[in-house]
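Common to both upcoming complexes is chain A, partnered first by chain B, then by chain C.
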Partner chain A sequence: MKNKRFRKIFDAILIPALAIISGLLLMAILIAITGQPILESYKILLQKGFGCEKIGNCAILSTLERATPMILTGLSAVVAFRSGMFSIGQEGQYLMGSVVAAWLGYAIHLPSGVHQSVIIIASMLAGALYGYIPGVLKVRLGVNELLATIVLNTIAMLFTEYMVQFPLRGDKSTTAHSPIIDETAELMTFLPGSKWGVGFIIAIVAVVVIFIYLWKTKSGYEQRMAGQATRFALYGGVPSKKAAIRAMIISGALAGLAGSIEVLGVHRRLMTGFSVGLGFDGLTAAILGQSHPFGVLIVSILFAGVKLGAQLGLQLKLGIPRELGGTIIGFIILFVAARKFYENNIERIRGWFKSRGHKKAKGEGN
Partner chain B sequence: MKKRMLLVLTVLLIGSLLITACGPAATEEAPAEEAVAVEEEVAAEEPVLTCALITPNPLGDRSFIDSSARGIERANAELPVKCDIIETNGVSEHESALRGAVAEGYGLVLGLAMDAEMFMGVAQEFPDVFFSSPSEVWAETLPENMSSYLVEVHEGSFLIGLIAGSMTDTKIVGAVVGGDSPGMNQFTYGYEQGVAEACPDCEVLVSYLSFDFANPTLGLETALGQYDQGADIVYQVAGRSGEGVLEAAAQRGLYAFGVDSNQDDIQPGSIITSMIKRVDMATYDAIQQYVDGTFAGGFFAFGLGDGFAGVSWDEGSTTFADNGPAEMVAKLPAAQSLVDDYRAKIVSGAYEVCDSLAPTAVCDPYIPAE
Partner chain C sequence: MASALEMRGTQKYFRSTDVQANDNVNLSVEAGEVHALVGENGAGKTTLMNILYGLIKPDAGEVFVNGEKVEINHPDDAIKNGIGMVHQHFKLVPSFTIAENIMLGIEPNSAGFISQVSENKAVKALAEKFNLPVDPKARIRDLPVGMQQRVEILKVLQREAKILILDEPTSVLTPQEVKELETVVRQLSKMGYSIIFITHKLLEVMNVADRVSVMRNGKMVGTVKVKDTNIPELAHMMVGREVLLRVKKKKIKKGKPVFEANNISVADVNGLAAISHVSFKVHEGEILGVAGVSGNGQTELVEAISGMRGIDGGQILHEGQDVTKTTVRERRDAGVAHIPEDRMGVGLNLETTLDENLIISRYNMSEFSKFGFLLGKSIRKFAHDVVDAFSIKAAEPGEGISKLSGGNLQKVVVGRELSGSPSFIIANQPTRGLDVGSIEFVHKTLIEARDSGAGVLLVSVELEEILSLADRIVVLYNGDIQGELNASEAKEDEIGILMAGGSLEPAGKKG
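Here is the complex of A and B:
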């Protein structure tokens, strides 16, 4: 029994792991083209992405800080995917949450503790509302949620830009930004030198909560069933329409939460160009993480680290373009998308080992 | 056949696992020694002055980021300093890049279009490092180790407006602007004022692109629309989207103005001139101060008088004079003398150009009624 479960987890991790390894190998080729030492490049990438030289300049902390919004938008995508909604609206929901957080951060004045809680709840509501729209459009009118969320993303982007340029504009600077939020609204950070703080803890809690919700509760089960086998779920009496809308609301709330954490914990204000595709990063994290909360957690940290390592390690130390980080991630996604290739070959290899006897079968893939 | 393929795959798989698993561990020693050796070499010589430029977005905008990068190149070539460029991709990477640069030990860290609060916070945290912003940072006061440059783009745009007003045949000119914001309207209003000054009965068409600075097709279509409405010269202030505007001018055989850098050569013969915002000079100036040991914190505002803002003709660009149609080229001397007249007036303070960031009564005709 236990062995079977282990086997299941192992299977789930195997393909992403192989994809990551393949991506890193391809990277070696690209680095070789730039003429830099390959092994040293890997070392620098790891050091600058996941290392920690001293407190105040600790790469892993920056990585965790950057992973935080990705984890939450990733979770948001997981909830939607698991319920059969291919929503890519995380970016829009994230932005709506950010706008609300930036506004309430300076517009209302409350004691610390209450202030953050109020803002976070308001941001989650804003995100949830923005997720509800495509959900209800899908269920009532049959509007494809993919198209609806693409359109809503653009609207949110332009709305954010408008808000920061005009109503929320803090001063007359050439680059627009909203006023700094009150100190009572700031989320605590743990160590100087990075903005890693309470936001990350919230993200971890969210991972656990979503895991429990999806796999250990009745409504979570309904949602997964509605996603995996809509007709069967209907037959079994699962209110799949309700489940779909509920999924979009939860998904939106998570993305909105990411926005509030990014504003309260990191930037402390909204500025022009705030939308840099963190929502889409979450989407990739969800896909590579096998639409599983813990998968998203791991992948987000990995992605954030590779990006940081490429930017501050490869680019600064070796003069390799920072885009290489993004290229590796792109390759990894490509390899995951090509999972059939691995699946077929893994089966073949397994079969080969099995025919050779059980003893050797244990050693495969290690 | 199948078996052979299997074998190959297995070998590849295991091989790849081994390489990646052992890779980092095996390299531990050798590069470490190398690094020590390099450090000793550096220490043996006299201390090297270093600086880093952090770009807000990747290089290649053919505009102010590239302009700043030119300043770095010039400093590397002419000054005893070694400067690097650190590219970032959007606001979420700015702070870690700044901190990374400080940790690397650069003596001067230049941040382009960073968030003021964040930038000043880092500057206060590391008082031994110099910081500078070649493009404006908005604040009441700056830390002692930080300087901020402001280029008066409204004055440069005014000159462009003068040229447009004096050279148009249809008495309709256009402007394609990246977004409707006070920062962008420094360009728009200055241009409108220039057109009105040179040609009081001319009409100015203004189109905004909803802050899409990376969409040449949108710029192209928007400019074509303005040409269809009778405009014969269009001023682009729209980053990469603006390259579409320049393309539209070439397609129609009409005219456009470039912005930020000298863009005259992108469509030779169609671009009359470019509004120059010398972010490279601001960048170079900050580095020179640092190298000379005279680095001072505070605000520096530069405009027409200092050559930080102007038109590409000031740099000796003759692309349009060489490639443009004869009847338009014939109008250049008149436009040039108009530019020179007003430049002198503006520099002496006799003439005021509307600055949308600090609007006075001069701006009233250009600010749309609410």
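Here is the complex of A and C:
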């Protein structure tokens, strides 16, 4: 039984792992073109992405901090995908959560502890509402959720920009930003010199909660059945429409949570150009993480590390453009998309080993 | 003289499922012979034919065509050696014409340009040669299934096959189309073609074949001449034990009505009337058979009764309660069970585990969930119980079900639906595509449910099945009930007349 379980996990991880190795190998070629030493570059990438020189300057902590919003938007995508909703609205829901967090951060004054909790709940509600819209449009009117969320993303982006430029604008400086949030609204960080803090812990808790929700609760079961096999769910009496709307609400709440953590824990305000595609990173994490909460966790940390390593290591130390980090991630996504290639060859290799084993066993028997 | 085809010592072991699919199998087919290949699901028929057609590489074995040893590693090799295959699921391009499909890949061309005129001409000539009329310009998507199959056969003949493999060719056909196919097969055999006819319907074997080879558990049990054998004997060879082809059932103990449909009308997916003003009752301890040619409203009727589809008019009562407006969930909770016609697409979710498949109809009961959480332990126990009670082979609670055979998949559905002691059971084509052993099992289970007091609505296009199980029969024609018969007095030809839209009135008047 244990063995089987291990085998299942191994199978799930094998392809992303192979894709990452392939991506890193391809990167070697690109580094070679820039004329930098290849092994040295890898070392620096790892050091600046996942290393820890001393407590005040610990790369892995920055990586974990950067991974936090990606984990949450990734979970948001997982909940939607698993329930048969191809929603790419994480970006919009994330922004809505951020706007609410930035506003309540300075507009209301509450004691620490209460203040953060109120803001986080409000942000999650904002995200949930923004997820509910495409959900209800899909269920009641049959509007394709993919298109609806694309449109809603754009609306959210423009809305955020407007809020920063006008109603929430803090001062008359050349770049627009909202006022700094109250100290009572800040999320605690653990160590000086890094913004790694409570937000990451919240993300880890969310991973576990979503795992339990999807696989151990009635509602999660309904959502997965409705997502995997529509006709089967209808036949079995699963309230699929409710499940779809519920999925979009939870998905939106998670993305909204990501927004509030990013504001309360990292930036402490909203500024122009706040949207940098974190929601879309979540999509990538969900797809690469096999639409599984733990997969999202691993992939998010990995990607955050590679990005940071490319930015702080390759660019600053070796002068290799930091876009290389994005390129590696692009390669990895490409290799995952080409998973059939690995699957076929894995089967072949495995079959070859087994046939040898089988023949051997037979031979000994005779 | 050497046989047209001979396979010797064929071996195939599947590592992924640990199954010896073919164990030293020999098969020989004469020229001009219709050779039936029968066996239960998973007996190894399809594996053997896929090896012959070059789709699967065998571990060992030789193939001889007209006495000469040939190597077949790819379908191209098979075609070169005059072996052609018509798959169970057609491989045609729906948007292409018949001629374009038949000539696909072997288009007559000049300097790379293909001419539709010459294509159509070639197909016309081909069709005339084999007396299989088709319209070369018709598009596949507009054709009935029987005609599509004819195109597949012509496609194989165009590639000059002398040995035709037909993989369960009748499973998708209406009774009339089956008759036509049988004529075609006999005609081809007269012209000297050899036909390997894979099926598990023994009646067809008796109708069409010259010889029959029986496989069981990957081994060839034997080859016999059809005129020297009979259906019970073949069934015995297939299953390895005595098979009850007609289920014994006790006398009916009819109770009060458990289900009533009053004047109901149902629309199909296109909004057209599929069922109009139909009324019937099912009583406790009774099996009501709904006979009819497929496509006369059965699907819509069953979906409406189970709650999957709304109705346009009328009233549905379950145990005296009006359930017309209730959901699937509410009807299921009230004791309605449903064995759907499409077990892969509707009755099961092949992407998830056995456990999760088994609880779909009752996951919200306190037995399986509390405070919103699923009770893993009792679900697992339930899965073990069902696997044991319905002897579902190769199924492991907690594991996927996608590799189970058709018969075992149906046992999962039947096991789930019947284990909650439902009061009303809807069984739509419950034995479609199953082998004799599994059919016997499903029939026995339905009879047991009836004897313990449940009302059963059995919808089937197999007349044989209706006659052997039902206590009362209604015939569905064009969305209406064409007539009602008492099963013990019903004659096959009477039902046939009703199924074709005829009426028994004149006979009634005379009597």
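What we mean here is this: the second predicted complex is superposed on the first by the 357 of 366 C-alpha atoms of A that agree within 3 Å, B and C clash if a C-alpha of one lies under 4 Å from a C-alpha of the other, contacts with A are read in each partner's own complex, and residues count from 1 in each chain.
Everything that follows uses one rule, which is that a residue touches a chain if its C-beta (ideal position, glycine included) is under 8 Å from a C-beta of that chain, and two chains touch if they have at least 3 such contacts.
The structure displayed is predicted, hence computed values, not measured ones.
Asker: If chain A is used to align the two complexes, do chain B and chain C fit next to each other or clash?
Answerer: The answer is fit.
Asker: Tell me the contact category for A:K43 with respect to chain B and chain C: first, second, both or neither.
Answerer: In the superposition, A:K43 contacts chain B only.
Asker: Have a look at where A:Y221 lands relative to chain B and chain C in the superposition and call it first, second, both or neither.
Answerer: The second partner, chain C, only.
Asker: Considering only touches as defined above, state whether A:A229 meets chain B (first), chain C (second), both or neither.
Answerer: second
Asker: Thinking of the overlay built on chain A, is A:L308 touched by chain B (first), by chain C (second), by both, or by neither?
Answerer: first
Asker: Tell me the contact category for A:H109 with respect to chain B and chain C: first, second, both or neither.
Answerer: neither
Asker: Mind computing the angle chain B to chain A to chain C from the CA centres, in steps of 10 degrees?
Answerer: 130
Asker: Could you let me know whether more residues of chain A are touched by chain B or by chain C?
Answerer: B
Asker: In the superposition described above, what is the shortest C-alpha distance between chain B and chain C in Å? Please give a whole number.
Answerer: Nearest C-alpha atoms of the two chains are 12 Å apart.
Asker: Going by the contact rule at the top, pick out the chain A residues touching chain C in the complex.
Answerer: Touch residues, chain A against chain C: 216-219, 221-222, 224-225, 228-229, 231-239, 351, 354-355, 358.
Asker: Which positions of chain B touch chain A when the two form their complex?
Answerer: Spelled out, the residues of chain B in touch with chain A are 2-3, 6, 9-10, 13, 16-17, 19-20, 23-24, 26-28, 31, 52, 56, 58, 84, 86-93, 95-97, 99-101, 103-104, 113, 115-118, 125, 135-138, 179-183, 186, 210-211, 357-358.
Asker: Report the residues of chain C in contact with chain A in the complex, numbered from low to high.
Answerer: Residue positions touching the partner: 13, 15, 306-308, 327-333, 338, 340, 342, 345-352, 356, 359-361, 363-364, 369, 372-374, 376.
Asker: Which residues, counting only chain A, touch chain B once they are in their complex?
Answerer: So the residues of chain A in touch with chain B come to 18, 21-22, 24-25, 37, 39-40, 42-43, 46, 48, 53, 57, 62, 65-66, 69, 158, 161, 165-166, 169, 171-177, 180, 192-195, 262, 266-269, 271-274, 276-278, 307-308, 311-312, 315-316, 319, 321-323, 326, 345, 348-349, 352, 365-366.
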